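One chain, subunit A, links the two complexes that follow: it is found with subunit B in the first and with subunit C in the second.
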Partner chain A sequence: MNYDFDWFYVKKGLPKLLEGLMVTLELTLWANAIGLVLGFLVALGMLTRIRLITWPLTAYIEFFRCTPALIQLVWFFFCVPILFNVWWSAEFMGILALGLNLAAFNAEAYRASIQSIPTAQTDACTALGLNVVQRIIFVILPQALLLSLPVLITNGIGIFQQSALVALISVQDLMYEGRYLATQTFRPIETLTTVALLYFAVSFPVSQMVTFVERRTSRLLQN
Partner chain B sequence: MDLSFGFLLEYSGVLFEGLLNTLKFVSLAAVLGLVWGFVLSLGRTSKSSAIYGLTTIYVEFFRGTPVLIQLFWVFFCLPLFLGIELSGFASSIIALTLYSGAIISESFRAALKSIERSQFDACTALGLSAGTRTLFVILPQAVLRAIPNLLSNVVSLFKESALVSAVGMTDLMYVGQNIANNVARPVEILTTVALIYFAIGFPLTRAVTFVEGRLLKVVKA
Partner chain C sequence: MSFVKIDKLVKRYGSLSIFDGFDLAMENTDRLVLIGPSGCGKSTLLRCMMGLEDIAGGTIRLGDETYVEGAENGKMKLNRKVQKEVGMVFQHYTLFPHLSVLGNLCLAPVRSRGIGKAEAKDKAMDLLTRFGLADRAEFYPSQLSGGQKQRVAIARALMLDPKLMLFDEVTSALDPELVNEVENTMMALAEAGMPMMIVTHDMFFARNIATQVVFQERGKVIEAAPPEELFGNPREERTRNFLRNVLHIEG
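Here is the complex of A and B:
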């Protein structure tokens, strides 16, 4: 190939790209906040075994897990304003869609880890005379959180990557700024490669952390 | 606000065509991704540190970046490198294959690693050659154990495939958005498109759980 690399425009546009990265990170953090809290509440709801609660929750979980994140995002962007007559920013819609998507996946992670706690623990709680609330908060919850931590982090990075989709609904995140710069300067190779490396630089350390956390939690639980 | 789903009948043909395109993308990329993923997993379990290093960097990179940027990269940059024109179809398939290969290789690798040492020892005791061992003892078990994960990889590929609409491929997502823009009725159309995706994604996801349960019994037996 004979392509002359020219990094001038990438250097010049770097502040803009970093601004985009901040938006991406902001979206990721908010979506994770929703996903972690709402996901846990949904998991608790699923464990009540009351059909009036579990059926709508199951529908919610399955729907968000079985459709592309892109259609969810586009649906929120176009349909929520019409259906509910509210006018929120594209960024807020992005956070909402990504957060609800993440909550569905996290709920499953929480539920699996809560169910993996041996029933002997419940019996032990009864023997010790702990009530239901004490049992859930002080015995089951800490173990369940610890057990699901690797999956929660993995899902969290997943959302960081999925957040690139918001560029398609005109949120000015890293992906959006990268594409804009690429088309403005006719330098797609330099720009898009830089953008990919920026994404990688954030998600790689976090995904490496998962392996570390996994090893630590499994050791903790064995003791 | 008034919703009317009646006019959708008019567009059912186009939506169906879009769905067929989506399925075409997914099946083609899944088959290519399975082959590429298996090759990568061999590299990831290789004793040569150069091969191991290269495949690891590849897998980590494709797992650590958004599929959208990979798609744009292949669409905009690869033709410049190769010096040839790539159609939108070709670049979508290339991008989805490169991505799914990376996630599929992890499933194969986990399956290969899950085979007990004693199996290798038993092969040595039986006097089997390395080729026979790999082909007739290790491989069948590895593939069997990888099946549930491979299926769920294909399901996620199905969901990721909606991205090809961003480079102008007329898949279900693209068709849906196009109609929504033309008739200014996004609620009905986008909801329908979402339901179509769900109608395929949900049974697939359930099938994964079912196969997983059945296989666990087979592997244990």
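Here is the complex of A and C:
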């Protein structure tokens, strides 16, 4: 390899990259807000076992889990405006698509955690005279949420990475700014490496945190 | 009129019949210990009394109120007000792992009985002090030994002032050296006059704590007698066989 590294343009373009990172973080936070709340509601809906509710929810979950995030994003960006005659910004469409995608995965995480709480806990509640609502609110859900925390964080940071796809619908995120800078300066190696490192710098501490949280929750919840 | 009366209890799991017309009575001065081979329905009986099992027939009475009335097809009637007067401790602790010891004790009194937080906490601390667990109040269940967990579970049940306590193999999951502390706690409770129904495989403990021992096999009471009699001079052949097996006595 005979390549002279030149970091001048990356240094010069760094503020723009950081601006892109802020957009990426903003997308991630909104998508996670949707994913955490909607995912929870979907999981509760699934647990009602009422077919009128569970069938559409199952269709939603499976659709978003079994198609690429890229096609979901592009579909929202191109098809929703035509089908529903609404013209929202690319960024909003990106948040919507990523949020719905994350909610589908989170719903499964919540549901699995709720169902993994041993029935002995339910028996103990009955023996203590707690009714169904008290049992769910004070015993089952707190444990289920703790249990699902590692998966929720993993999914959330996954969406941070997936959000790079929004560059394709011209949202000016980190990926978009990185590609722009790379082509403008003819310095793809320096630029794209920097972009990758920025993604890594955010993701890595969070994924380390998952290990920590996992250890803590599993120790707490062992019985 | 007896304190507890089980009448013609019918319990099935699918096509498997556990009880088909089971009767049992107990006085409020009694500590009834149920013994018998695995799968004879001892634990199921306690679960029925706690209202945890759907029974297909028969009635269970506590004091002067019938609170469980069995019926086919899940139409069992359960009087929750009376059910709340029964306390139960399980084999596998079943403490709430996300709450501290104090949190475990106070949850039901505060949330389901409307007792003030401060009052519940005082009562919890009194109980924990009595049980020698006051210094564990802020601990989480995962930080306790099996014996401590089980004593916390007993304290948690006592928070609700039960009129009858059910103990379902509460020492079976414990390491042998931890069994004593739990059994001592139960003995102290017995001396304080708490009516109890106990399922155990520990025959020596059964002999010590029981006022009445019930030997049960295949969903039927084979023999019921005070411990000296049942262990010392069992009338039924099947009781003798069972005791020979569990006590490893030759001949």
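Criterion: the second predicted complex is superposed on the first by the 222 of 223 C-alpha atoms of A that agree within 3 Å, B and C clash if a C-alpha of one lies under 4 Å from a C-alpha of the other, contacts with A are read in each partner's own complex, and residues count from 1 in each chain.
Here is the rule we use: a contact is a pair of C-beta atoms (placed from the backbone, for glycine too) under 8 Å apart; a residue touches a chain by one contact, two chains touch by 3 or more.
All figures in this text were calculated on a predicted structure; none of them were measured in a lab.
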Partner chain(s) touched by A:Val86 [first = subunit B, second = subunit C, both, neither]: neither
First (subunit B), second (subunit C), both or neither touched by A:Phe63: first
Partner chain in contact with A:Met22 - subunit B first, subunit C second, else both or neither: neither
Residue contacts with subunit A in the superposition, subunit B compared against subunit C: B
Touched partner set for A:Thr126, first subunit B, second subunit C, both or neither: second
First (subunit B), second (subunit C), both or neither touched by A:Trp75: first
Subunit B versus subunit C as contact partner of A:Ala196, first or second or both or neither: first
Contacts of A:Val37 with subunit B and subunit C, given as first, second, both or neither: neither
Residues on subunit B engaged by subunit A in the complex (per definition of touch): 1, 60-61, 63-70, 72-73, 76-77, 80-83, 155, 158-163, 165-166, 173, 176-177, 180, 186-187, 190-191, 193-194, 197-198, 201-202, 204-205
Partner subunit A, residues of subunit C touching it in the complex: 47, 50-52, 80, 83-84, 86-88, 90, 92-98, 107-108, 111-113, 140-142, 156-157, 160
Contact footprint of subunit C on subunit A as seen in their complex: 118, 120-121, 123-124, 126-131, 134, 138-139, 142-143, 146, 219-223
Residue ranges of subunit A touching subunit B (in the complex, touch as defined): 1, 3, 62-63, 65-72, 74-75, 78-79, 82-83, 85, 157, 161-165, 167-168, 175, 178-179, 182, 188-189, 192-193, 195-196, 199-200, 203-204, 207
